[in-house]
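Sharing a structure with you now.
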């Protein structure tokens, strides 16, 4: 047996973000023990931790750099993703502060769990080894199980957690089994080595490997909530606390896509003929089911859950395109998506109040004339999600589609654009209620500053990335 | 080393059978705990094949992997049971089909 | 820079309005009007500084926008877009005046109107495909809001239909745009979406051209709207508030025809040529179908909406005549339709404001009660049916003339639309304006007030101006059209064939003159025989 | 330099119209009348000056063109807003401004009681302006402005009493039927441009023999289309139905528009394009047939009508039929001659009937008239003179013009045309005098409460003038003084046509195209003017006319019971009285199917099929959406099942 780990291959600087964040996460836990009921300090520590993480991510230079026997990588993709993760976690924390107070969520581990989850995401985006990927996924998942069910007294929250947990574990089984098969057929868990092995045409037709790929697709497909492994998403999104829903829709999803991209687009590009059609089908089905499911929804969180399923379909196109344009478009899309989603959920949180979250779309009737700015922001977010210029969502879609067309995937793109039309319908439905219906009942809302701040950032970035996307594109397409 | 005594395919078959049993358990059983156990069976099926591969191809990664799987499984168990307990407080039932508040 | 300023001025105005207090309605209206008027005057300044003799883009500005993709903020005007641009600012101004009586959410209304203006102006000046698409989709939103918030009872249905219909087409166009963008990058090595560059360098096999053409076609055909993609239009028009209808008819539909001229023709000349028969027949069906259907409408706005389908059929037919007569006719008809139909919608809006109904059967005898209104309505209606001396005729005739050069049968079919136009307009006019006043609610209607006159009279002046002396208008696009036609001339693609011209001496007249054909001798003989008549010339 | 004034001729009435239209209500009736008549007078005087100017043109120049501005154009197509003055135009200008002025004066009296007096004169002046454009335009499109303009004014004036449904319907009908003609006219113009590259009259007529093949397809189609256009405006078969209905308008309107000027525009157009028509024997034949047929058919209907104005309307249709027949046999001078005389006597007849209607307070039914001679002598005498003129009694104007038409229809056409013409003449004499006798002679059947009275001077003076013109108008073309036929010589430059030259060009063109030209030699045989035949025909037609008059006398004065007896139980009468059911036929064949078809198109095709497809797509998506929703059952095991199903399908797809 060869030595598993050569000491010289351990590069802690490359690992700095994970270490920093772990430190801060544990600090949150410890401080919480002494902090009493006031969670402000925890929030502060968490935010600082995320900031430090983001900064420390750039400590490693030059990139790409490898660590732990090439099972951990610092490259452009992972750096960009780390930024997305820290941003989304920070925004989720900001959204949570006032929400938790309102809803009576006093658990201090809440913030620690978000941070731990972030660690998992960073690992997931940076790992080049299947073991690492597995660990990353599990760290993310387990944190999320808890976060989903953190409102212990809330039946829906509990049920969502249970569903998420059972199905997540179930899917993990598939993922693991797939990894095992890939491992068994290639003899390695390291993605680089696997990639080398599958250069060989005879290895490509190994049924064990193909079976493993299918199982991997299931595992990742579950994490990104693509059809037919999406069924958990609407229930969980609906049941989870709103900030966590937003967080789930962005961070873990992005992380899963990062891994998805690493495994399929970077490790198995030679085998594209065998998985391309599968992923394409899944992508198209995701778009259709996501959009069709969303049309009839009356609960906005549930609707957004379905919408996120359809977005998974769009993003899968980037994976299928498996070119550098695909990678950078994935980055851009996730970033744009993050700001839009957090802004949107920010508004949803603002519009709720204790005991009555006002999640039915009908509750938004006449919003435009009570709180025009909020309604306008909401419109901006929805249209951005729909992919309408001049908002970030449009550029993101444009980016992904151009990656696909460069790869000759025109049919897929046509499916995607037709689905965009369907999606306009339900996004506009919300606009209809906000602008074109008279308010049904008076409801008081409290314009909480932190949440408003998130909304503001969301609007600003969504528009800014829509009109002046140049700098971000330049970063993404490095 | 039990070389050549039992061929790899046997292990794999065993693992596959266990996996399918686990899957079937998840699909068929209604008791939350039993479903949970079925999932554990699936994970252990994976472990078996991991070890088998390692053994027959003279590798080590798989063994480490299986340790990881076990750790994670343990963590999952703790979280999972916690969730089930929390749920049980709200609604005293372990029948999965009773948890049907979120749908459509 | 100047052009950019004019384009974004309304948006800046809208942003300014955002910060005005909701309650100061008067100030909001005045501000909006000031912005619109200023914008119009500035655009007039563009027109006066426009060099008619050149087909090149003018007032150009080309600055990098998304450098990573080679996408530039490239704007400019040429003859094809200039008038549409000016008309947009003009109609925006008219619409702000016409919307003076908006009761609810005045501030939001004006914001939407001004934003819409910027969106539309952007479409006409964009010289980068990406930018074009951005503006093209962007203007949907304010229009959607205008229909949906200030519209009639079925406004939600209409607004969503409008939005989705347009979106279907434009998203497929997006795919084509992407394809072109990547193709250009592949073939020339330059990453750019510059329209001028693409026009010159795009070369794709005919099969591909056709697909791309179809994608663009769908987007623009829905916008125009051509039969059978027109059903969003009646709903949108009927439900939209008056100003919305005016803008919709006056500018939004023109974006479709503009698209054909800016993209389909120069990008894919050969595909365009191949598709001429299809377009021609669709247009002809549209002309006749629109006229027939509008004849039996019971709702005034719906009638005008269907008449738009008919009129735009003419425009499309003219564009695809692919000769200078047809295209120039189509361009001027674009303007004409904006003026006439815009004015018709304004006028319908005026009685709608008074009676809150648009059903033709509710009216009758208005000529006696509202004489000024009746005169205005008559003039506009006549312009709409293309009475010579008014604007509609100039465009229609040029279009038909152009089509006739291509195919006499098409011209004949299209010309029959002229008869039908008279039918539906006059019948409607009779039922609304003439006869006795039967409905007591109509007895005390007030005639048009000064503000309403302000909205309609400028349009009427234009009706006569273009009808009698269209030269200042037509001169603007002369050079551009000549340039365009030289690119899309069917002779470039047709297999060369022998011309039997009668006049061999005069080369200039070569394309005119009869090709030798006779009535068959038997026909002649039998005719002469039955009449026992030696054919006859005396005097 | 006097010719520079040309553009003022149509401008004066236009200005008058604008002033009256916008300020008419404020300035009062007197001023309105003054402005209307004043503008007409100015226009007439200017015409005289232009005429003088024209006479001073240098030898050999027959046409004066004045381009005011370039109207519109594209590429090599350019239309000028230009006027031309040539002999034909001058004739028409004088007819329009002269008779227009007279009728304006009459209308000032006739319309005195109307509230919207100003509106009437605004339209009336506008009409004259448009009519002048029509006859003065130097190209087809400018003519078309006038062409549509007069149609529009006609629409307004027919529908002048817009509160009456019948008036509105009549106006709309007139406009739409005219549009059918315009449709053909427009196509013709396009075809002309296609062939000649210009639509200027002078250039087209000059180039026609060189660019068109004799009896070729192009010229036949062009002339046919032009002729269809003419039938619309001039109320010929098959588009005549609007004219009788047009009598809903005030009587001066009928006189000016529907008798003297507008309806003859078709004839003017044919004469203007005589060169083209000369090249197409087939069209010529059709024109002659339609003309002759219309003349007879309208005359038969005219015999059975009781509405005084309708009789005159059918008479107009019939007389215009004559003019077309003349055109059809190539006797353009005769057509114009008859046009001019017809303008005199028919205007007089209409104004006379207006005077009658005015005198008995709006009654138009002849069965409620009778014995009016003593109440309104001036009206009677002028009416009688005009009736004699139209009947063709020498030496009144109508005799000469009608006779010239008949002579040419026999000599240049054939016996069929002449037969048509002469029988129409018989019928004309009969129904005109039926009208005269029923209105002015016999016992009074007037409603006793009404006291018939003579009209004021303002109205009778125009009658006298017109009757005078009808009497002496024949001087324009005295038959015996051959070579002294004033009108013929005057129009010669316009109508000049060198057939031999045209045939030669055609042959050349056919050879170029590799076709063989048929033998055209017989066309060039010279024809002699036979004075004796002409004389014989004159005598014959005089006899015919007198027979008609006497017949009417017997039927309506001597034996008033005869008409009843003759027509008792005749199915034919019913048919004729109902105008051959043409209106009903058109209604059933064109109007109803169009309206019903459109309804069908709208409700079935548009709403159900096309929009149904759109909404159907939306509904389908909605249905799928509900299905997708029900999949989301909320049961965890279901969700797990989905994962497994997905797994199995992926496996199947993979292998």
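Annotations
A, B, C and D label the chains in the order they appear, each numbered from 1.
One rule holds for everything that comes next: a contact is a pair of C-beta atoms (placed from the backbone, for glycine too) under 8 Å apart; a residue touches a chain by one contact, two chains touch by 3 or more.
Just so we're clear, the structure is a prediction, and the values are computed from it rather than from any experiment.
When each chain is reduced to the average of its Cα atoms, D sits farthest from chain B. The central chain of the assembly on a C-alpha centroid basis is C.
Rounded to whole angstrom, the centroid-to-centroid distance between chain B and chain D, based on C-alpha atoms, equals 97 Å. Averaged C-alpha coordinates give centres for chain B and chain C that are 67 Å from one another.
Averaged Cα coordinates give chain A a centre that lies 26 Å from the centre of chain B.
Centre-to-centre separation of chain A and chain D, using mean CA positions: 79 Å. Residues of chain B in contact with two or more other chains: 23, 26, 35, 96, 99, 101-103. Annotation for chain A: residues 162-163, 166, 170, 234-235, 425 touch two or more other chains. Of all residues in chain C, none touches 2 or more other chains.
Inter-chain contacts occur between A-B, A-C, A-D, B-D, C-D. Of all residues in chain A, those touching chain B in their complex are 1-2, 4, 130-131, 134-135, 138, 142, 145-146, 149, 152-156, 158-163, 165-166, 169-170, 172-173, 176-177, 179-181, 183-184, 187-189, 234-235, 238-239. Those residues of chain A that touch chain C in the complex are listed here as 368-369, 372, 379, 383, 388-390, 394, 398, 401-402, 405-406, 410, 413-414, 417-418, 420-421, 424-425, 428, 431-432, 435-436, 468-470, 473-474, 477. Chain B meets chain D in the complex at residues 23, 26-28, 30, 35, 96-97, 99-104.
Taken together, the chain D residues at the contact with chain B in this complex read 629-630, 632-637, 640-641, 644. Put simply, chain A touches chain D in their complex at residues 162-163, 166-167, 170-171, 174, 207, 210-211, 213-215, 217-218, 221-222, 227-229, 231-232, 234-235, 274, 277-278, 281, 288-289, 292-293, 295-296, 422, 425.
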